[in-house]
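What follows is a set of structures for review.
The following pair of complexes shares a single chain, subunit A, combined with subunit B in the former and subunit C in the latter.
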Partner chain A sequence: MNARILVADPKKCTGCGMCEIACSIKQTGMSSPARSRIRIIPWGDNMRYLPITCQQCEDAPCVAVCPKEALEHDHKLHRVAIDYKKCISCRMCVAVCPYGAMGFEADKGRIFKCDQCGGEPECIHWCAPGALTYVDTVADNLRRIRATARRMIPHKIV
Partner chain B sequence: MSYFQVNDQCNGCLACVQNCPANALQAIDQGPARTLQHNMTRCARCGNCWRICPQDAIEFQYLLRNKWDDVVKLQLDRCEVCGETLYTLAYGQGLASKLPTALKPLCAKHKAGPELLAQTHFPTKASSAKGENT
Partner chain C sequence: MTLKRKIALVDLDRHAITIQAIPGQWRSRFLGGRGIGDYLLWQYGAMHCDALSADNTIVVNAGLLGGTLAAPHAFGTILAKSPLTGFLTCSSLNGPFAAEMRWAGFDHVVIRGRSKKPVFLFITDGHIEIRDAEQLWGKTTRQAREAILQTLGDRETKTLQIGPAGENLVRFATVMVDRWISAGRTGLGAVLGSKNIKALACRGTGDLEVKFPERILELGPNLNADNPVDAIAHLAHENVLFSGKTIEAIQDLAIDAGMDVETALVMLQWACAMVEKGVIDRRHTRGLVLDQENTKSLKALAKNISLGNSLGRILGQGPLRVADKFGFDPMKWLPSEKSLFDIYSETETGGCSSNENISGAPTDFWQMPGAPGQVALEELCALICGCLGIACPPGIEGVSISTVFGNISELIRLNTGLVFDTNTLLTIAYRCHALERLFNCTVQSTYRKQHLSELHIDVPASFYRSVDLTGVEKLKKIRLSIDRHYRLKGWVQNKFFHKKVFGLLEIEDLWAVLRKK
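What follows is the complex of A and B.
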């Protein structure tokens, strides 16, 4: 079986914030959207929302800057994982993530990021409009290739 | 920085130097002057010098002060958009040296990633019109 990845579709997102609550309860035991590994950003004036979580980058900036090699891209599970035994909480990954997907819990003094709940993402079960899906990486790559191709081809032909 | 202070009652008898159990005090006689020196790293703040001083010259209260010393002062990098404090300039330069692309000082709210996602999923009219023409 191929690795799976959490995919968020902003076109379907209604901005209800259930994923943030579900995530924080599953990950920290308290209902606190600030500690959620997924964030909803209201975008523009047209009631648009961007659900943002770790993109599990192949060539991740967080992995590149980590001075203690505490972050590593796990190619088998297709995700960037934190090794808390190595992490020194310097927050370089937090500063460098282009999506702002890496967070820092001040009271615990440690960083956090989406780990896709170890293969069972909680947020997807709470997303009423179905904007969050946990899909096969190969299938998702094909979907992305098709979507990009559709954008490249003039609309009159397709 | 001076935690160990003596007032003008001190006559340089060096009783404190003799009785310091931690060897945190020493005196140097050079030329016409005698200099009393104190080493804060060795000092255990036991108060023996203060107890022993025949002149009541040692101002021990300064050794018990809760005082912060400035260690280093560094320039800060702030978010280009909102001015939120991010990190120091040196920290930012260290990050940039490890990345293949340039790093703009931006806070979590104004990072480039969400903008990129928005452009992909909600193309503006200008960009879609451009797509039609090409």
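What follows is the complex of A and C.
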């Protein structure tokens, strides 16, 4: 099975925040954007938004920095997973993540990150404009290649 | 819990803030949001006051389902006595402000009194601060928002601010939610301005527990059909004849100044017509050459309105007060009679919205003059949605009451665990509607004594006379429709209610308040 990735398209995102709430309800049973594994970042003065979540990096700084090897690659789902039995909540991973996609729940004393809901991300179901998709990397690449090809082929031939 | 939110009472005279819990009994009587807001306005508002005085009370509400998947960024409401109409105005706050209020722990913020110097309120997890806003005074809505975000150092903060129009008490000044979303076209911006409040800023990082999270996620996005973004971009300018370029320029200016775009455009067009007919001359315009084609002069006049300068000071009072100065005759040059209704009434949908209008008539009667029953249902549905902070379900025409309210009932149960059947919800909606009507009936007696004596809660003949030059037949039809609508709801013109209605209200505790006021 090819790897699947969570793709965010800022052109489609309306900043409605449904993904944040759905994520926090799925993960914690509560509506709380502060605990959401995906965050919507507004920028500019033009109603632009960018959903940010864990990129499940191959060369993940969080995995590299963890002193207890509590973070590891899950090759089946192509994600970085947390083993809470090993985690000591030192928050080194939170500090080192370049995306700021790892968080810490002070009341529970534990770190959190997007686990792609075990292969079925809840956020994409709630994204009405279709800004979030969970796609096969090969298929997604092909889609982009086709789109580029359409722009490159002279209009007359098409 | 979704129910464990607080009410904040902000007394600007004493710079004191009191925080109290929402009694469970209020939930069963008024649900939340607009419903409890109405009740709070009754408790703390001074209904016979001048709307721009320190005595007017403003209530900012988040609905019972705000911040849940039923309504993540849907509607809050803002309630006060309107400086334009003199009646209660309830305007929808689209955008994320209301949900943020809930995450900060508050469902209602009641603001009373007047601060001696400009301030803004900072609402954050469980507490509220009154902060100095001297540096913000005079700034446009966008500049003020940017300055607040920089001061607080958190760009996730949601804001609700006024512009120069609100500061200068223009009677159709709006409040802007975040950058683009305007609310309160009947002058709620001026009410905030009269209290020396430049803005409310809110940042919440708390939790809202939902009762049945698994079931809600199972149901998926079909749970609601709410698309908040659709409501943001609603700006219709069917009443004016300016070019697209002029409209765009005025719109930009009005958003920055924090005044209602539609009303500003109508006032400008009317001013052009009055100049053409010689009602307004160069003495009034201070040399400004007003012409429909002249974007520059129209922009200058729009700016004067927002700053309260020369002719702008008069136009900023709204058409009927302008008519007080120039006579009712020039009202025939208003773009249309509909434009007058549009200014003084507000609809539940759209960027600038509210419910009741000058006549207490159905909100959308222009569209549906022949279907008062449907309108009544839509009004009740809109009220319940206002209590919950969710968007009104689209296309309820032809759908049974039990279906509409059954779905709403299920949304409430899944998110809060509270169980309400259709009849109970209808009763709550009716109760809230009655509270608003009672408020308006009560202020009406004082209102008549003021200079806007032409206005009347039941759309009197005198009001028709002021506009009938452009459509007598149409207005008669509307009047008939209003009569049928009133009968359906149990309203009686010039009296509060039919006797049987009192039994339903369960607001005996307010009679004492009513007697005092």
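General remarks:
Rule of thumb we're sticking to: the second predicted complex is superposed on the first by the 139 of 158 C-alpha atoms of A that agree within 3 Å, B and C clash if a C-alpha of one lies under 4 Å from a C-alpha of the other, contacts with A are read in each partner's own complex, and residues count from 1 in each chain.
The working rule: contacts are C-beta pairs under 8 Å (C-beta built on N, C-alpha and C of every residue); 3 or more make two chains touch, one makes a residue touch a chain.
Given the structure is predicted, the values throughout are model-derived calculations rather than measurements.
Aligning the two structures on subunit A places subunit B and subunit C next to each other without any clash. Once the two complexes are overlaid on the shared chain, A:Arg151 sits against subunit B while remaining clear of subunit C. Legend: residue contacts after superposition of the two complexes on their common chain; A:Ile52 is shown touching subunit B, with no touch to subunit C.
In the superposed model, A:Leu132 lies in contact with neither subunit B nor subunit C. When both complexes are overlaid on chain A, the residue A:Cys23 reaches neither subunit B nor subunit C. Using the contact criterion defined above for the overlaid structures, shared-chain residue A:Ile38 touches neither subunit B nor subunit C, since it reaches no partner. After overlaying the two complexes on the shared chain, residue contacts for A:Asp9 are found with subunit B alone; subunit C is out of touch. When both complexes are overlaid on chain A, the residue A:Pro98 reaches subunit B alone and has no touch with subunit C. By the touch criterion defined above, A:Ala64 lies against subunit B but remains apart from subunit C after alignment on the C-alpha atoms of chain A. Annotation: superposed on chain A, subunit B and subunit C show a minimal Cα-Cα gap of 7 Å.
The residues of subunit A shared by its contacts with subunit B and with subunit C come to none at all.
Of all the residues in subunit A, the ones that touch subunit C in their complex are 14-18, 20-22, 25-26, 28-35, 42, 45, 47, 122, 125-126, 128-129. Remark: subunit C residues 2, 67-69, 72-73, 96, 99, 103, 142, 155, 179-180, 205-210, 213, 216-217, 220-221, 227-229 touch subunit A in the complex.
By the touch criterion stated above, subunit A contacts subunit B in their complex at residues 9-11, 41, 43-44, 48, 50, 52, 55, 61, 64-65, 91-92, 95-101, 151-152, 154-156. Interface residues of subunit B, counted against subunit A in their complex, comprise 86-87, 91-92, 94-95, 98-100, 103, 108-109, 111-114, 116-118, 121-123, 128, 131-132, 134.
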